Amino acid sequence: MRDEFFEKIRRELEEKEKMREEIIVKSRKVRLSSSKAIANVHREDLKAAEEYLNNALYLAEDLLNYREKHPDQFYLAHDALQELVEAYTFTHIVQELKIPERFPVSIPQALLPGMADCIGELRRFALTMMVKGESDEKIRKVVEIMEELYHILIEFDFHDRLTGNLRPKLDVARNSIERTKSDLLSAKLINLLDK
Amino acid sequence: MRDEFFEKIRRELEEKEKMREEIIVKSRKVRLSSSKAIANVHREDLKAAEEYLNNALYLAEDLLNYREKHPDQFYLAHDALQELVEAYTFTHIVQELKIPERFPVSIPQALLPGMADCIGELRRFALTMMVKGESDEKIRKVVEIMEELYHILIEFDFHDRLTGNLRPKLDVARNSIERTKSDLLSAKLINLLDK
Amino acid sequence: MRDEFFEKIRRELEEKEKMREEIIVKSRKVRLSSSKAIANVHREDLKAAEEYLNNALYLAEDLLNYREKHPDQFYLAHDALQELVEAYTFTHIVQELKIPERFPVSIPQALLPGMADCIGELRRFALTMMVKGESDEKIRKVVEIMEELYHILIEFDFHDRLTGNLRPKLDVARNSIERTKSDLLSAKLINLLDK
Amino acid sequence: MRDEFFEKIRRELEEKEKMREEIIVKSRKVRLSSSKAIANVHREDLKAAEEYLNNALYLAEDLLNYREKHPDQFYLAHDALQELVEAYTFTHIVQELKIPERFPVSIPQALLPGMADCIGELRRFALTMMVKGESDEKIRKVVEIMEELYHILIEFDFHDRLTGNLRPKLDVARNSIERTKSDLLSAKLINLLDK
Amino acid sequence: MRDEFFEKIRRELEEKEKMREEIIVKSRKVRLSSSKAIANVHREDLKAAEEYLNNALYLAEDLLNYREKHPDQFYLAHDALQELVEAYTFTHIVQELKIPERFPVSIPQALLPGMADCIGELRRFALTMMVKGESDEKIRKVVEIMEELYHILIEFDFHDRLTGNLRPKLDVARNSIERTKSDLLSAKLINLLDK
Amino acid sequence: MRDEFFEKIRRELEEKEKMREEIIVKSRKVRLSSSKAIANVHREDLKAAEEYLNNALYLAEDLLNYREKHPDQFYLAHDALQELVEAYTFTHIVQELKIPERFPVSIPQALLPGMADCIGELRRFALTMMVKGESDEKIRKVVEIMEELYHILIEFDFHDRLTGNLRPKLDVARNSIERTKSDLLSAKLINLLDK
Amino acid sequence: MRDEFFEKIRRELEEKEKMREEIIVKSRKVRLSSSKAIANVHREDLKAAEEYLNNALYLAEDLLNYREKHPDQFYLAHDALQELVEAYTFTHIVQELKIPERFPVSIPQALLPGMADCIGELRRFALTMMVKGESDEKIRKVVEIMEELYHILIEFDFHDRLTGNLRPKLDVARNSIERTKSDLLSAKLINLLDK
Amino acid sequence: MRDEFFEKIRRELEEKEKMREEIIVKSRKVRLSSSKAIANVHREDLKAAEEYLNNALYLAEDLLNYREKHPDQFYLAHDALQELVEAYTFTHIVQELKIPERFPVSIPQALLPGMADCIGELRRFALTMMVKGESDEKIRKVVEIMEELYHILIEFDFHDRLTGNLRPKLDVARNSIERTKSDLLSAKLINLLDK
């Protein structure tokens, strides 16, 4: 009887080890497509960005199936899903100039840090617009959205293990917002002088 | 006799462990209310800010009672009280445009770093005013107060354990002041050109 | 709609944080009772040991309920359950001089390292018997059981995250067995010469 | 008024900084005398050991005065007082072959780890006796005292900040006891064979 | 012309990135087979060990082809080839009781640390033999081979980047040898007493 | 035979170590001459700049010979060659007001970050021209070239190990461009008003 | 004889330890007076600044006596002497608008980083002048001196241990110069528009 | 005049940099010969050991000349001289079975840690003798010398910068002594039984 008990545990662990590898491989693909979507938004190739994003969303659906059956190993997928949230939120904001109403993932450890990292992408995007001399109005809107994201996230003051290490990411995000506002002053000045 | 001696020590430690947990829980509440006060000042909802601040002050009074009886465990409350000092000083300055005469806490490890962090909040506040195009006069006043805070604190050149790690916070503060002055020049120029 | 979505996540996190605290507090109690059971076996007060063990088993039943609902936070209970397995296995072996047929926990991250640590307790127990000059026969049996435990565990060669860091514990166990065999032979000789 | 407030804080910090330095200097002397007492016990010069110990006890009395007035800085003296407890307990046990009834210090962060470290000194002392071929009886008594100390300390399962990091010291102590028992078997055998 | 120049560089980098991924994937397989070979030697299933080893050798041949064409990216394969050297050397020594004359890899950053890690495997192997009560003669031979490996490697006193971080691995190896000698004394004692 | 094998490896490592030292010494000279060329451009001593640059190019030719024979150690020269690319590109642009058609080095890890750092030098150069009140036309051309360099580099989105850590350097460069454009418009206005 | 040898070494170390403490205490006083001199220049109280500076110079003379006798411990004074060089250079430049001809210290590890840090103080000083709307001419002169200091220091391209970690300080200084030039353009424009 | 001053400093630094390189190269040779001496003692080739040691002593004489002229850079030679002390002391003790009366170096940062490391070499040496079954008498003498070295060193309770980080080395040494005594008991027993 004891032998069977341990044999059963061993079979379960073999299964779990296989699952781990599957989660790792599939997560890697989600992460790759997501980061290519972000890169293409920065290059202003929104069509390519959307294709990569849709691919990432498609792959993530499969990945999310592992959550039910192997909740204790699913932490392996968090980083990839966080990148997906970042890509999704960033693409949506650049296209619509507002924060999305729905998100592809509701796991806090992926959703919250993904949104926080999106603030950094928005700073990069705003800077490019400033260099190109685009209208203040749009850039100012982006800065407002950065603040709005920050205020949503600041409410999530929980243990780091529950929020995917949100706290340090929020410090970086706040710094990004400050520096973007400071740059916005310069950009405004340029536009005034150019008139 | 030896047994009684160790039994007494064990009872004291049980008491201390209970006190630690109480201090941690109560500190967390002070910290939360304080940081919500600060967030509401930045959103310009001063009424909400004051409510949170008053709540934090009320909770801190209770927390401070632990200091007398458990001075060796009271370091657990320093971070929360530092946040309270930061919230109190920041709210007061935004409302009155001057440094408060009295402070809710006089423990150096909370008072000094709390005031130093307030300089960073003031930079953030000044930037928002600049982006909104508010009058130079008020912003300039804020910058003067930032410098005044800095000059009060620079006098406290003691061991880090005595000042709550003031030194690195002052380096950050000095940098904030410099960058705010630089931004102020841009803001002033914008105002001149807009006239 | 977005507000509700985030509100829901926040409520879930508040719930999770409460669960974390409950798991931590309850785990602590399981761990305490388990280690007191072990200490009492070493003091040869088997009645007290059993009481503590039964208490630990009773508390663990409640603790295990959290596993279903919060599988991603249940890692917080692993250390305590591992201690319970150790106490259960150790007490059983000292009383029955054989490895139990059933175990109170079948979670590999608690079961496997708990059994491995039990090997160390058995060494300690065997040494006390030797120093007291007890009969070889019983000690030899204990050493055989140590080896048997080792051979059951050596089969579980999986990723450390799946086995609760079994590998280093097995290295320690192997070393314990070797040293105990060495001591056993000295003890044997002492008994022969003393007669 | 604000100026006076900060002036007062500064004077207090100057005073505290002076106190810190005094505590550090005086602690150092206590630590030195205590470790010399221990070294002299190992060299079997008990007279010198006692002189150093008495000196350490005398110096510690003065040091303990700082506790009342500067409880938040008194952590600086813990290491030295721990060494004193170790020296006192070790000397007493070597002379009397029993654990002392009273201790010179009742601060848990010094008392508990000092007693734990004493177990290591007793192992070292027992080994020297074994290499010299002294009678089992006395060595066996020392091993019993090592176990007794261990059982007193194992009851203090509190947060590390309250017990002066007792837990890892107890792991070391337990290991010491095991190895000493193992060596005791060899020593016993040597004595038997030498007869 | 400049465009063509940069286009060419980009194509080269795309090629290199593809190569990197191939090296990573293929290295992972070599590493896996090698560590399974080692595990099987410890389980004394030498047939299985040899199969895994041969598979690893076969896969490594393909992997080594990347060295010529992408010497600057080949560092990615070093860890895997080091594991192969370890597996090869360990299997050979267990079978033949001597150090191999030839090695499957002559890249110093893989060969030298792989041989150093083999010393640790040999300690583990020797300990198992001791527990099983095998003859001193064979164990003593293994210890001699451990020393011989150590003396070969100690001559390679070059910059860490050239030897694959050999130095710290040699410190570990030396410690292994010492502890194995100490264990050998106990084992010898057991054999003597058993006579 | 084994001895010869290890002897051969040792001789190779001795050779490699000698090569490392040669690469380090020669790289240092290339780096020194290159940075002196840059410093002299900033001091507007173009004759001296060219001399230092030619010297650096001459020394680099020799250095590049090590690449063929010791590709795995050539990473030691990358920093120096990067500085050379920076000096070459910077000097060429200041003299000709256009990006060079050819570059002295085509190794991506040196070429790409060297070009990125050149953007920072161009900002510094442009600022000096502005403070001196030189004509907008030339400065504006420099800013255009900064943007052109940036757009060439942004295409190289590969792993950091392949591009010499290009990504963070490009962030710095983008920021430099933005700030220089801002300064340019102040300078423009000053010139208009001063007339 | 061996005893005397070790006794002599111990006496030397006691002496050295006393010297260390003296150097630390005296360095602290030099550092304090120097940083107060700098603070007073920023508050435009040049008289107080000079008093503090003279006091620092007076104390440094005594401190420098330790260099001859304890060259291996004199690194303890470098930070303080660096602060002195910074204070001396800064005060001199603010008063005379030129770099001093002589310096109070010629130890490279104090002189070079002290001069580099002075560039940062000059930026701070220039910013205050700009915010106050002082004439461009004087500010421009300060910026020229910042560049001059930078060009003197850039020549000292030696190992970090020889130059007191000059390299990172120079990067900071160069950044300061750039940002000050950029601010100068804004300030100039404000003055033109205000006219 | 200022130019000459800085020119002089630069020449001094060039000289110092050259000296640094000479000290590094010469130290490396001393270290190499010393560690080869130690290795040869362990292989029981005392003739070779002595040759390497004499070579190390000869090279050290030259190295020590740098101390007078460049005391602030001489820390670069400490590690090598420590190795020399270790080799010298170890060889002397193995040959003469007593601690040397004189030492080749009296710099505390080399002498003290070198002697401490020698205790570890003596353990290694004692273990080899035990495994070979050599007479207790000699091994016991070695253990006594290990203790004697320990008691000499324990008196040097100074700041780590003055003793070359002696403290942690002494903890290791004490542990070595304990374990060697424990092994000595086993060895003694083996010899008794073999009779």
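Letters A, B, C, D, E, F, G and H name the chains as they come in the text, with residue numbers starting at 1 for each one.
The rule is simple: a residue touches a chain if its C-beta (ideal position, glycine included) is under 8 Å from a C-beta of that chain, and two chains touch if they have at least 3 such contacts.
By chain, UniProt protein names: A, B, C, D, E, F, G, H = Translin.
Treat the numbers as computed from the prediction; the structure is a model and nothing was measured.
J.: Under the document's definition of touching, what chains do chain C (Translin) and chain F (Translin) have as common neighbours?
T.: A, E
J.: Compared with chain D (Translin), which chain's mean CA position is the farthest off?
T.: Taking each chain's C-alpha mean as its centre, the farthest from chain D (Translin) is F.
J.: Could you check which of D-H, C-E or A-F has the same interface as C-D, with more than half of the contact pairs identical by residue number?
T.: The same interface as C-D is formed by D-H.
J.: Could you check if the interface between copies chain C (Translin) and chain E (Translin) is built from the same residues on both sides, meaning over half shared, or from different ones?
T.: The interface is built from different residue numbers on each side, given that under half of them are used by both copies.
J.: Express in whole angstrom the distance between the two chain centres, defined as the mean CA positions of chain E (Translin) and chain H (Translin).
T.: 31
J.: From the mean C-alpha coordinate of chain D (Translin) to that of chain F (Translin), what's the distance rounded to whole Å?
T.: Here the centre of chain F (Translin) sits 61 Å away from the centre of chain D (Translin).
J.: From the C-alpha centre of chain D (Translin) to that of chain E (Translin), how far is it in Å?
T.: 45
J.: State, to the nearest whole Å, the distance from the C-alpha centre of chain G (Translin) to the C-alpha centre of chain H (Translin).
T.: Using C-alpha averages as centres, the distance is 41 Å.
J.: At least two other chains touched by the same residue of chain E (Translin): list those residues.
T.: Counting only residues that touch two or more other chains, chain E (Translin) contributes 186, 189, 193.
J.: For this structure, give each pair of chains that are touching.
T.: Once each pair is checked, the touching ones are A-B, A-C, A-F, B-D, B-G, C-D, C-E, D-H, E-F, E-H, F-G, G-H.
J.: Across the complex, what residues on chain G (Translin) touch chain H (Translin)?
T.: So the residues of chain G (Translin) in touch with chain H (Translin) come to 1-2, 5-6, 9-10, 12-14, 16-17, 20, 71-75, 99-103, 106, 108, 111, 152, 155-156, 158-159, 161-163.
J.: Note which residues of chain B (Translin) are touching chain A (Translin) in the complex, please.
T.: Its residues touching chain A (Translin) are 32, 35, 39, 43, 123-124, 127-128, 130-131, 179, 183, 186-187, 189-190, 193-194.
J.: List the residues on chain G (Translin) that touch chain F (Translin) in their complex, please.
T.: Touching chain F (Translin): residues 140, 143, 151, 154, 157, 174, 178, 181-182, 184-186, 188-189, 192-193 of chain G (Translin).
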